[in-house]
Every structure is written in C-alpha cells, then in structure tokens.
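In what follows, structures are represented as structure tokens.
The two complexes that follow have subunit A in common; it is paired with subunit B in the first and with subunit C in the second.
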Partner chain A sequence: MTTIQQPRILGAGVDRVDGPLKVTGQARYPNDVNLPGMAYAAVVRSTIPSGRIRRMDTTAAEKSAGVLEVITHENADHLGEAPATFIKNPQPPLQDDVIRYYGQYVAVVVADTQQNATAAAGLIEVEYDRHEALLDLHDPRAERIKDPWGEDTAWGDVRTALNRAPVVIDQTYTTSENTNNPLGLFTTLAAWDGDTLTLHDSNQWPNMIQQVVAAMFGVPTDAVRVLTPFVGGGFGAGLRCWSHIPLAVMAARHVGRPVKLELTRPEMFTGLGHRTGSVNWIRLGATRDGRLTAIEHESLTTLPLDGDEYEPCSSVSTWSYASPNVTARDQQVRLNIPWTNFMRAPGDAQGNFALESAIDELAWEVGLDPLEIRLLNYAEVDPKTGRPWSSNALRQCLEVGARRFGWSERNPEIRSMRDGHELVGYGVAGVSFFWYQQPCSAKVIVRGDGSAYVRSAVTDIGTGTYTIMAQLAAGLLGLEVEQVEMQLGDSSMPVGTAAGGSGLTAALGSAVHDACGRLIQKFVDLAGTDPFSPLANVPFEDVSVSEGRLFRRGEPTRGESLARILAVHGLTELSADGNSTPNSPDELGMTPAGARGARFVEVRVDEDLGRIRVARIVTVNDGGRILNEKLARSQILGGTVGGVGMALFEDTVTDKDTGRIANATFGDYLIPVNADIPDVHTEFVGEADAFNPIGVKGVGEIGLVGVAPAIANGVFHATGKRIRSLPITMDELLD
Partner chain B sequence: MTTLTVNGTEYPLDLADPRVTLLDALRDRLDLTGTKKGCDQGACGACTVLSDGRRVLACLTLAAQCDGREITTIEGLESHPMQDAFVRHDAFQCGYCTSGQIMSAVALLGENRAGTDADIREYMSGNLCRCGAYSNIVAAVREVARHA
Partner chain C sequence: MREFRYERPTTVAEAIRAVAHDPEADFLAGGTTEVDLMKDGVLHPDLLVDITRLPLRGVRRNGTMLQVGALTTMEELAADHTLAERAPFVVEALLRGASVQLRNMATIGGNLLQRTRCRYFRDPAVPACNKREPGSGCEAVNSVARMHAILGASPACIALHASDLAVPLVALDAVVHIESEEGERLVPLTQFYLMPGETPDRENVLRHGELITAIDIPLPPEGTRSLYLKIRDRASYEFALTSAAVAVIMDGAVIKDARVAMGGIGTIPWRGFEAEEVLREAPATPETFRSAADGTIRDPFLVPGTAFKVELAKRTLIRALTEVTS
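After this line comes the complex of A and B, so read on.
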C-alpha cells in the first residue's frame, strides 16, 4: 500500500486550497499579526561601505516622542555565534563597531508607533572612520577564493582538445546583480514569554530560523517557536537567518514587549542578500559539423566580507551536453558589499545564460540550426559519470517546443524577418537544471470522522505546497482532497526542510508518502486484532484503500472504513510519522536529473529606437511527475517572468565610490509589469522520475532558467547583435 | 477626531499624528490587514483600495485626508466574482499582491478598461506581482469582464 490509489486526484488542476484565504485578505502574513502591547522597531543602516564607527549620538532619538529604547553596539546584548545551516548565517548584529558594507545595521529604535520609531531612527547621528572599500569584482587586492566548494570538475583533456578543435568559440558572458524582492516586506514579530520566544517571521525555513535564533540567544531550540504559515514570496531571500531577526528579538527583550520589525523596501535590498553578478568565460571546441569536443567554463562571482554563498555557475557545463573533454571552475571574490545569496535558480541562471549563448554562437559559426546543434550534442547519459539519468526528457522538450512555437517557419538568415518597424527574431535555449533534496519529516493523522490532517514545519512560499501535499495525502489515504487539512509553517511541527532548491516537493512529498504508508500499516494491524473485521488475516500487501475504506484488493466489498476501525478500537485518531532522505546515486546506479526544459522566444526590436519586446514565449518542461498541472504551470509562468526580468530589466546598481545600492526602490529597480509579459505557452513532458518514490523533480526554479539566453539569441537573430551582458538594454541595440 | 468610513463601518480615529497613512491606519489601528504594504512608496500597488469607488494607493494617502470618504478594502468585497476567478485561474502564488490586484481589477471593470487583453495588461501594470502570475491575472480579469 505505498502506491497512489486515486490517480484522478493527482495531476489534476485542483485549485489552491489556501486560495479563498488569499483572495479575501484573510491569510495572515507575518507583518499582519498585531499583538497586544506591541511596539514597533526601525533600523539605522551604515552609510559607508568599510570602516569603524567613531561616535554615535542617540540623545535626540532617545528623547523623541514615543521612543522606548535605542540599541547600538554600545548597549547591545552579547549574542552567541550563529551556526551554519547548510550555508552560513550572518553573525549577530551590533556586536562591534566594524562596518563591512553600506547598509549594515548600526542601531535599532523601538517606539510605541511605527511613525515614532521611524522618525527617531532618523535622528541618530553616526560618525565613521572610513576605510578604503573593496567594491570592484576585478580589484586585485580583493581576496579570491578558488574552488570554493571543492566542486571544480575536469575530465578528458580540454587544453589539447581546444588546441586541436577546428572551431573554437571563446567568449565572456556577464550577468548583473539581481535582487530577490519578494513583494512581502520581510518582518519579524518577536514576543518573549519568560524564557520562551515566539516569532512571526518571514522566511522559507522555520526550523532554520528556530535553530539559529536559539543558538544566538542561548536558549534551548524548543524554547523558540517560529510561525510562518504564509510568506509574501521569497525566491531564496528567506533561506538564511538575516540580521533583522535577532535585532527584533533583542529589542523585544530590552523593552519587555512584543516588537515588530518590518523592513522597508530599500532595506530589502541590503538586508536579505541578492543574486551575485557573474563573469563567465567559456571556450567551446567543436568539429566543423558542430559536435562538441571541449567545454571550458570558468566563473567569477562575489561574496560579502564575512559570508559564504553557493553559486556554482560553471556546473551547468558539466551536465548539459555530451563532451569528451570538460573543465568547470568557479572563483569568488570578497568585497565590501551586502550579502550575496540564493535567488531563484542560483548559479544555474547565470551559467545557463553563458553556456546557451555560447552554444548559439557555435551554431552560427558552423552554420547549423540552433535547435539542431542542441539535439546533436544531446547528453543521453550523465556525461561526467556515464551513468543513466533518473529520467530526462530534454529532447522531447526541444522537439515539442519547436512544434508548438513553429520553429520551422524561422528564416535562418540574420535580420531576415521583420514586421513594419520591428525586426523579428526567434531564439531557443535548452535547460538542464540541478537536482537537490534534503531530509524532511511529516506527520499524518486520521481523525475519528475519517478525515485527515498533515503536519510539517515547512512553509509554503506560494509554490502550492499546501495544495499538492493535500492531494498527495488524499491520494495515498483514499480520501478526497477536501478531507485533508494541511498544517504547515510552524517550527514546533515535525522537522521540515527549506522551501528552496526546487527540492521541497520531493523531500516533503516523500515524507508524506512514508507517513501514509506507515499509517495504513497501523490501520491494517489494528483491523487484524479485531476478529470480526472483514480485514482480519488480510496481509498488508493485499490491502487497498479508496473512498476512506480499506479493502482486500480485488474484493472491494471485503473492507472497513478508517473511521469505523477507529471507532471499534475506541480511538479518536491514529497517526504516523514519516521521514525522507535522498536516495544514493551510487546505490541506485543512476544520476538524479533535475528538471529539464526548452525555451522558444519571439523577440521584436524596433529598428529605429532599439526598443525590445518579447512577443511570445513557448516553455516546455520535464518536471517528472506533475502533482498539480495548474499550479506547476503557474510555477513555470512565474519563473518565465523572472527570466524576462533578468534578461531585460533587473540590475542592482552599486555606486562604485560609496558602495551604496543606487536603485533600491521599485521605482528604480525595474521588474516586469503585466504589460511586459506576452502570451506564454507552457507544457509538461516526461515521466515519473525514478529517484524518489513519488517521481517528482521540482519546478520552482527551472522556469526562469534559459529565458534570458533564448531572448539574447533571438535578439541576435533579429538584429545580428550578440549581446553577452545582461540585462539587454535599448542602447546596445542602437546603430 | 477623524472618522474613517471603511467598508460601510464608521471608525472614529484619533489622528493626532498626521503622518499616519491610510495604509497604516487600516493595518495598525483597525486591524484590517488584508490591504498589504509592499513598498510604502507608491510603486507596487499592493495597498490598492477604493476611495469613493476610485482606486488609490493607501500608502500615498494620509488617513487624515479620508474624512468623509468611503473606503473599500478587500475585506469589503462580498464574494465578488473577481475573487472566485482569481482562485480558478490561479492568478496568484504567494498571495501578497492579491488584495491589491483584485481591488485594481474590480475598479478596472468600472473604468471600462478591460475590453481587450492589451488594455487589461496596461491598466493592471500598476500592480506588481513578483511571483509572476500576470498571464493568469489577465485570464481572470478577462473572464469577469466578459460576463460583467
């Protein structure tokens, strides 16, 4: 009984179960919670990128109306070290006078209203001793970290292969810094009750916040409860315990009241990390007919002075195409900048832009159709190990996408297609996304009335976890979706992993799968102790479940409802815990393949003005088994919008003199608006993946990847201009 | 004392502090937290509410300006077809921009600006959605506009 019994529930476009709460304004995000006696906090940030605080004058702020407390490094609590949780977390704020980047927190003000707190924060005067800052990626004085994760990869002999290759593409591709900018302002509402602490907090991983805060404040982990039932998006921003969180906790302890600290939009640019810009140097070697003989990919990305970041841009070149010789290396440079951090498809987004642009250049160089060259160099097996993929429908993505798009109608000549003032270009890109899964747990409980509920500490950042897990549990327990209640986003529930890395569906889904299997086993065992049960003496393997009833497979009348089994045994409910850990590629003899995809884009460039417009997009993806096509499609649509942003708009600009982010508002940092997004056709292909019991791959990030190179490749087809630097802007297309 | 009329209910408010925006008054004083703060700078549309039937940004409206006006927030919609259409078309993900999107979309119908997809896209462009649900938002608005 570990197979899904009601396939009609899975895959179906079930509406979001949390939808009614969200369209009526009833879903409570962390900043929507108001507690009795609550005070408000406002932060003060450094205005230099490097140096020390010489003097702070907080007198005026302390006297300002409604102010309860001003905390600086001079009166802050000494906090414990922040443990690393997969990646590093920022060390506690206000522990010394050292400034490491522009925007670092130097004080927090607590007052009776937000208006009073914000006004008082503006009265704090800070004098600094400014030191010279490292702000340029190419500054020779900056620390360079080679092979930061020990994942640099090489096979074959790239040097010799490149020397002998009749065709070589040798180009540099750069991407800009991007800022996650979830719409929800990240907020921490901290409330102490004696030595226990409750946090209403915006994040993507409640158990991580719990663990880090407990360590910093020296309390047992279970004395901290983190509540995140809803969060206004994350896109990676909620995967670390950022410094505003301990600031709120410290402030609440100082004033003896609950304290709400809601970041402002400009603070969201400096306080939650951002996607590192990247320089990607790629050399491709190929035969004259376009077959790859070598791929060399090196990347350079940035780090803050005191943090880490996993952003292996070059790794896409180790699994995307078949090549007998490959070298992939990454380097990072430490600068006086706000933290770099995960943002939807970290590393892959940048690396794929470089690789898919280079492959396109190779196609033009050898005179091959850009679609054909991708099929010609298709990686039938994992090129690094020679192992089979757990599943891989990239070929189908490319072929189906080409048909839907009408790729065959493309005139291969540059600048050959036009519509009035507009040059028309078709671009394509392939995507091979990484695979990621972490351990996770869940509890599934069946109540006396036969309904069920599922609990896990994980949060649903908008991907649809509430809904698809309700579907999965319903399918496994033989219930209707409406009979399954989901309880997520509470660190006191069974320990859950991050809503990140496109890995939550596999991790939590496998845990729910495990729990449901154990729970049915318990029901079968229970029935087995009842001599009057129709299921007495029926072995577990022979039991099936449907419509809330267990029955002997092939004999539907011989069974008993879950509710009746509980009633007979005088139980109000029965529960089981489930856990999941990633399978071992070695044991299974296969390489887990992340999602796969293909992008086809029609771009239009105004010949006189250089204005770029994306006219239509076809995006076809292999996400393994799709648990809910409606919601999975939304993930892809959303990723596509992010990809358009990366390609055409998004650029976090740091002033090279002061280290200040110069465009830290939604007025200045452009993201796509509704009118920027054309018709998008999405489609899924592929089959259930063999690497986890529920066959999923995760589609939260892949939608973004490949959009930017497809647009850039389309711009080349339209105009003959190869843009190797994102974002692509009008000025680059003017003659 | 200022009187705020929100969703048909009159709330007497002590607005000794003139800096209080309509958005903060709704969220912090009246606990009507369905209206969201995404930027507090008039750039994202998450705080869109109706003032005498016109869409306004609550973050750029001082509460003290609203004396005598009828404010409608997401909590004041009574099972509007737009809400149902947003659910069925999956026109949101995290849901944070949704209140503002729906208030804008409801106003759009009254403005007669939902005639074509291009119009919907243009006149819904003051409401940012970082999850990228734009295509589904257009689908939801289109459906309600056609049946209006």
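After this line comes the complex of A and C, so read on.
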C-alpha cells in the first residue's frame, strides 16, 4: 500500500464560503427574489406531439380573476432568432402554430397572483390538427444524421482486425432517457426598465442567457443583465436558454410589470431537456490473452425536431484503452420529442456503460480477471495520436480501488458468492472522462485594507466554485480565504463560461490565476516607482507573496504589504483582469486528459425475487490537483448517487402514441432514496495536470460515470446474467 | 384562482349533512390524496368538509378487537403496542408506506380510500380514463403499465389499489364503520371494495355523504405469527410492485390456520382465500407454498408491462410464507 498511496491533495477541505448564507436562507435563489408590482406567469403546453394549432379559445382565461394578459402565437411579439452560441438554443416560442413535441409551450398567462395565473391557464382551450408523430428511435421515416459533429474517428483497420481476431465480442447496449431534475424549480423573473432588462434566472451560464435574450428582443447585449448568484442545481439543465425565459421576458414587456415564471416539476421534464437514450453497438477484437486489437463503437441517440445536441457516446472508445484499430461513429435521429440535452456526463455516461460492459464480457470470454484486463489494455499514451497524456492516473485508480475494496477476495466464478437468499457479485469499471475547457475571464481587486474581490459572470451551481476560487485567489495573493470576497453569477461582470462540462474550474481558475499574476505585477511595478520601497529594483521574478505581503524571495524582511503599497500611492484599490484560453495540444505536445476513475461495487441480488441492492461502492478518481477535497468528495458522492439512479431506477418514459412523458413527477420518476445508497468510499489519486496552470481536471461529472457498468458487471458476477440495457430492474433478473 | 368552499365542523352529524346535501362536496382528512388530486386538476370539489376536528381519533381495545378511529394517523396506529404484539404485519405495512412526513398527516380512513396511482388517471391532459371520465376509455391498457393490477382487472380499467395497510386488514377481516344520515352500517373490508368491471369510477360501496368513522381490527389469536413483505424497485418511499400479508398459527411444522392477502397486484386489496384453503392443516413445505401461490394468482389480466408480476407475486408469497413459518 505504500508506493501508490500518496495522493497529492493540495487544497484543504475548507467549508463552503457560501454555506452560512445557504443554511440560514439568506442566499437568494431566483425563486426567492420578489419585486414590487411583480406579476406571475403560468404556461400552457401542447397535448399532442406533432401538428398545428387549429383554434385557441382564450376568452374564459382572459375573463378569469386577476388575469392581466394571455399571450399565444396570435399576439406574441415577433422575436429575433436565437443566435448560434457555442451551443444551439431553442428558437423563440409562440412564433407559429406548429407543434413539434408534446409539452411545447402554446400560451402564457399573466395574472396578479400565481394561483390566478395557473387557474386561468387551465381554462385555455386548444384544438389541434394532429399529424403523425415520429417517436421511435428506430422509425425508418425519421431523419438520421450521420457524423453529426464531424468527429467520427477511425485509425488502423478495424474490419481486418476484427476478422482476424481470435476473440470477438459483438453486442448492443442501450440506456434509457433520464431527466436532470435539479431540485430547484427553474425560475425566470424578468423586469424591464425602458429598454434595459434585468433577469433573475436559473441557469448555468449567465452570459449565454444574456446574449440570446438580447438577440431575441433586439436590444444591445449590455442592455440585458442576468443575475444568477445561486441556482438550485442544474446537472446540465441550465446550459441552454430554454423557451420559458423569453416567455417571461415577453410577458413582462406586455404587462409593463416584472413577471415571475416558475416552472412546475412536470414542466421541468418537458421544458429543460433530458438525457437522450442511446443504442451502442460495440465490437471488440482481442487476442486469446485479452489484449485488444480492435474497438468498433457506433451509437444512436435522439434529437428534437428543431434542436441540436452534442452527445458523442462513441468517443470514450477512442481514448479509454490502447487499441491499434479503432472506429467510433455516432448517429442521431430526429423525433417529435422534447429537447434532448446535456445531463451530467453527456455521452460519456452512456458510452462508458457500453464500453465497460463489453470489456467485462471480453474478460469473461478470455478468462481474465475483469480488473486485470483493464490494466492490461491501459492506454499509456493517447492511443489516437501517440502523444503523452497531460496526466493519467487510471492505473492508480484501479489499483488503489481494488485494494480498498478487497477485490482479491472475489471468487472468480459466477454465482459463487452468496449470503442467505442473496447472490453476491463484485463489479468493476474504469472511467476515462472527456476533457473540456472554454475561454473565461475574471477580475481580481485588492482593496485598501489588503482584502480582495474576485469577480466573474460565471455561476456556482452548487458545486463549490465560490469556495475553491476564494481558496485559489487567497493562495495566489498570499491572503486568508476569509479575506477574499467572491462575486459571481452576474452577466455584467467579466465574461465567463458555462458551469458545465466539468470545465469551469480549469477555465475560471486559469483566469483567476492570470488575473492574480497580473495584479502582483502591477503591485511590483507600483512599488518600483517608489524609491523608498524595500521592493524598489527587485525584479518581478524574484518577488514572492505571503500573508498579504510582497517580499524578495529568500529575504522575507525585505518587503511591503499590499495594503501599504496602496496607501503609499494614495490608492483605494488596484485591480487586474485575467483571461484564460485552453492551451493547444500541438504546442504542448501532449493530449489533455480529462478526469480518470475506477468504480468497485458489491451488488446483492435476491435469487428468487430478482431484487437488486448495492451493498458497497469504492470510487477512486484522478481529478488532477484537487483544490478542496471536501467539495470534490461531495461532487463524487453526488455523482455516485446519480450513477446508481442511472443503473437501477431512472427512466423517462414516453408514451408510444402521444409522445407524452408518462412519469413526469417525483412520484413516478424514481431517483434513489437514502436507503438505496450504501456506504461509498471515495478517494483521490494522481497529480497536478500539466495542461493548465493550476493543474485541475474538473470532477463535477466523473463521479456518475462508470457506476452503472460496475453494477451491471457485478450483477453478472452474482447471477450469470448479462444485462445490456439500463435501468436494470428486477423483472429482468427473475428466472 | 379555482375557488371552493371550506368548512370545519366539529360533530359527525354536521359533517355528514354538509357533504350529503352537496353532490360536489368531499370530505378532507389528511389531504395527502385529496389535495394532491385537486392540485393536479383531477378532483374539483366545490366544498371541502374538513373532518380533522371530529372526535374520531385514537385506538381502543375492545376485547379481541382494536377499534381504530378513522382519523387516527398512520404513524399513531403504527405506534400501537397491542397491534405490534398481536398483528405486527399491520405495523409493518404502515411503516413501509409513504414517508414519515406523509404518515404524520395521513389518516387510516383516508388510507383505505386513497385513489389509484395510475399515471393516466392523475393527468387530466390524458383524455381516456374511465375512472376519471366514465366512458372515455382506458389509456393505461395500451401504454406504460408497470405499476398496474393483474387481478380483478378488466379492459375498462387495470388500476391498482395501492394501499399497503388495506392488505393485512383484509387478511384480518377488518370491518368498516360507516355513518350516514340514515344511521350506521358495518361492512367487512373484504366486501368494501368493488372491482372495476364496466364502472371503474365506483371503487367501493360508500355512497355520497357516507363517512367512515372507525375500523375494527379483529386481533388474531395469541401465538399467531405474521409478516408483511413489500417488494419494490427502490428501497423506500415507493408503492409495492407486489406485497404479501401473511399470518399463520403453527403446530410444529404444520400450519393450523392461515390468513393471506396480497397487494401490488389487484384492483382491490386481494384476499387469498384459495391460498388459505391450501395452507390450512398443511405441512410448511415449498410445495405447499407453491400451490398456495398458484391458487392465488389465477386468471390474471395481463398487459405487456405487468406480465412479470405473475411470477414475482407468487415468489413474494412463497418467500413471505417461508419466512413466517420458519
């Protein structure tokens, strides 16, 4: 245990800086904001999946108590197109009479109270001309998009390799649709003041919302201010400018009052997208001793009629294992369904389930320990380019995890371990997560008392961005965490990127790093203009910072505090802007590796009843430099719970004929409860990553990935039944 | 706002009168079914008569009988010592239902009258539901029906009666006290519920304005062993896929007497008279249990989503019998 057990955890597990605000109810989420004269909106949704609105009768609603306005496609403002940001956004609502999916907004009612708005919305009658809908992934009439992102990948010669391989695994794996279900109901409160607009809005990317809304309403971008200091979770649901946002803005303009639109839980299921279900065909070729010679991975996922989605399920197969021959292809099918959208680990979660199940099948086929086969095929370098990784501790994840779990006690035979009525199985899965980073900026300010402000437009969706950025800035400026005040979630601050793709920590952290470096440079320059400063004539490279003081490295007494430098120069504050853009793999000569991980689970399956229980989980992850172990651990734990949900419960069910989501409530859409989650052991391994200056990889999503295949692999070990479709339910295990 | 009137009488007679004379009035107990369905737009009473101030709360021992006031909450009944001692399966059924928060609100009368969880019943945007709109059809029969019934179902309705509590209570031959302007009548719980047939909107024998005032639970003889086994996808806070309430009196390895009822499978809480017949005076063996199970699950009405419940239900019963007799 001695050689590999030295995780370089550099960030102390300090408590959330926003914790006290949250537990005392002082953190103002968009739902909590109320403005004088505010009116309330309620939406009406289509009850057919495809067709046109023939007639709408709004008279009863208009006459209903307290109603201020009813907006349908007949009296809606004509809005500008949603601009192409990094991702596609829904086109403005209520612009025509066409119905593209069940649950599409067809009207919004504004009233003096929420109750009056909701009641009136129920009085609107809509008649439709229904058209035939495309609802099935395999419907031959549906448009199929090949290579949707131009990312299909191939190297070597998979055909020949598969033909020659002594062992071939050829299987299909499917995953169900899942819904993000952040607990906080998404809310938009829109307030116009002349031609400027303030939005209190639940989202994961304030600058994107700002840009889209400004374009739709034809106002300059900086006339729109989006405030999102706190959000009640997102899991990807807040990465687009969903249609309820322009609806609220339009409603506010119509009634000349601030309008609040809070979605209901069923509306959250149709209005914020969901994780696409997937079909994955995998063919593995291998030698008799389990060495991979070919991986072929094709995926099929869904798209709404008018949307796009980046969900490359097959790409995990291009970087997870060393194989001389690889083909990875994705296809999408357009259907009359609500938007598919990013959900914690989009594409990777589904693709990893398929790949890690297939690898497990290969292990059984060649008679290798499922752990061994993963180590045997470990990708020492990027298998596609042959370049070194920026860092990759997958091997350590597997080895440390196996020890913590007690993998060696596993009896390799299937159905060999039992406890009373229960068959016991051990399952393992490896995870190689994607890498992602976008440009970002931040401003850092040091005030007269030596304390600092950090500002950026990005939001903290509950992951801990406030805290880790305060830690980072404190570390870089030589301050205490308490001396750093964070201001996030305001589009008027320095432009920030999305809190998504596990990429915010690297993006914002690098920007804060840049800003802090520039700011110290400014202080050093300033001190240099003062002939009496102990720092005069000390070159920037020789300056260190600690406890709020700059000093000459190796000569701690030769220095000056930040506060004193400001005072000497009669300044109240000094600030610097910082920017980050992702480095270039070509220039650095390395491939950026996302987070890595390993999952070990013990499952128990009741032999007669098929009931599945997860008894133990060990999850070991390489997230590069961990800035705050406590928060990182929370991310992994939350992801693990999501992974158990994906494996055993979560299934957004669409009615075959109507396209209606049949289980759009928390009574019917099952997510794990406490009793479903066993003891979870988390641990971090690895070292600072070389691809960004702060060495992080982002751990927001990886925790979820790999849990489902580890459970499925454990179910196989326990029962001898290979379940290739999620969720795994007891009916599939009844003999 | 959708308006309705609200009254909170303090006597049984007033409450009954208020509802009986208004065809659009409903009683309101804990509200965990009634208010939910009002919010969903399924129920639209114009008058809610809140009965929580009526003196119908508490558990009384009456010889070999427990008389449970209709307004006793699920948690209160679950805390009853006599019940825990003499018929623990009732307590188990209570505590495996809903959540603590709900059980603190939900009443015993309301529990027996809870409405089905059928997803199509609970969403008024779905046009076809014979239970909600008589004669409109049944959406569930052709759709996603995992949580639906396989016994007592008809093409007109396959909705499950989802109460856990009712399962051991039908096994024990509990009796419902019903009060109306005409006076009191007593109905055995086994005859209280109606199968859907062609009229799934009629779920039980209550007439409009009739109030459940109490439930009599006959205590099984001392020495009776009982057990409630609830099988569901997740570990708590979910309704049963299948459940079995079993009570036995053993004489060595022979079953002297048995009571059996099943949940999660019937349009009404399903009493297993056939199983009891098989079990009585039979040895406690796997063969006996299997034939008891086969006797209970007969002529199921299946749709694709519910087919697995036939075998699951049988094994649930077998497991419950195995455990309670060993």
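Following the convention adopted for this analysis, the second predicted complex is superposed on the first by the 725 of 735 C-alpha atoms of A that agree within 3 Å, B and C clash if a C-alpha of one lies under 4 Å from a C-alpha of the other, contacts with A are read in each partner's own complex, and residues count from 1 in each chain.
We adopt the following convention: a residue touches a chain if its C-beta (ideal position, glycine included) is under 8 Å from a C-beta of that chain, and two chains touch if they have at least 3 such contacts.
Keep in mind that what you see is a predicted model, and the values were worked out from it rather than measured.
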| item | value |
| --- | --- |
| Partner chain in contact with A:L648 - subunit B first, subunit C second, else both or neither | second |
| Which superposed partner A:Q115 touches (first subunit B, second subunit C, both, neither) | both |
| Partner chain(s) touched by A:A567 [first = subunit B, second = subunit C, both, neither] | neither |
| First (subunit B), second (subunit C), both or neither touched by A:L35 | neither |
| First (subunit B), second (subunit C), both or neither touched by A:L183 | first |
| Subunit B versus subunit C as contact partner of A:A688, first or second or both or neither | neither |
| First, second, both or neither for A:I445, with subunit B first and subunit C second | neither |
| Which superposed partner A:D18 touches (first subunit B, second subunit C, both, neither) | first |
| Contact residues common to both interfaces of subunit A (with subunit B and with subunit C) | 113, 115-116, 119, 665, 667, 672-676 |
| Subunit B contact footprint on subunit A (complex, rising order) | 15-16, 18-29, 31-32, 34, 113-116, 119, 181-185, 230-235, 262, 264-265, 461-464, 630-631, 633-635, 637-642, 665-667, 671-677, 679-680 |
| Interface residues, subunit C side, partner subunit A - complex | 1-2, 41, 117, 119-120, 122-123, 125-126, 139, 142-144, 231, 233-238, 241, 308, 311-312, 315-316, 318-319 |
| Residues of subunit A that touch subunit C when the two form their complex | 47, 65-66, 113, 115-116, 119, 122, 421, 608-611, 613, 648-649, 653, 655-658, 660, 662-663, 665, 667-668, 670, 672-676, 729-731, 734 |
| Subunit B residues touching subunit A - in the complex, by the definition given at the top | 17, 19-20, 24, 27-28, 31-41, 43-44, 46, 73-75, 77, 83-84, 86-88, 90, 92-99, 102, 120-122, 124-138 |
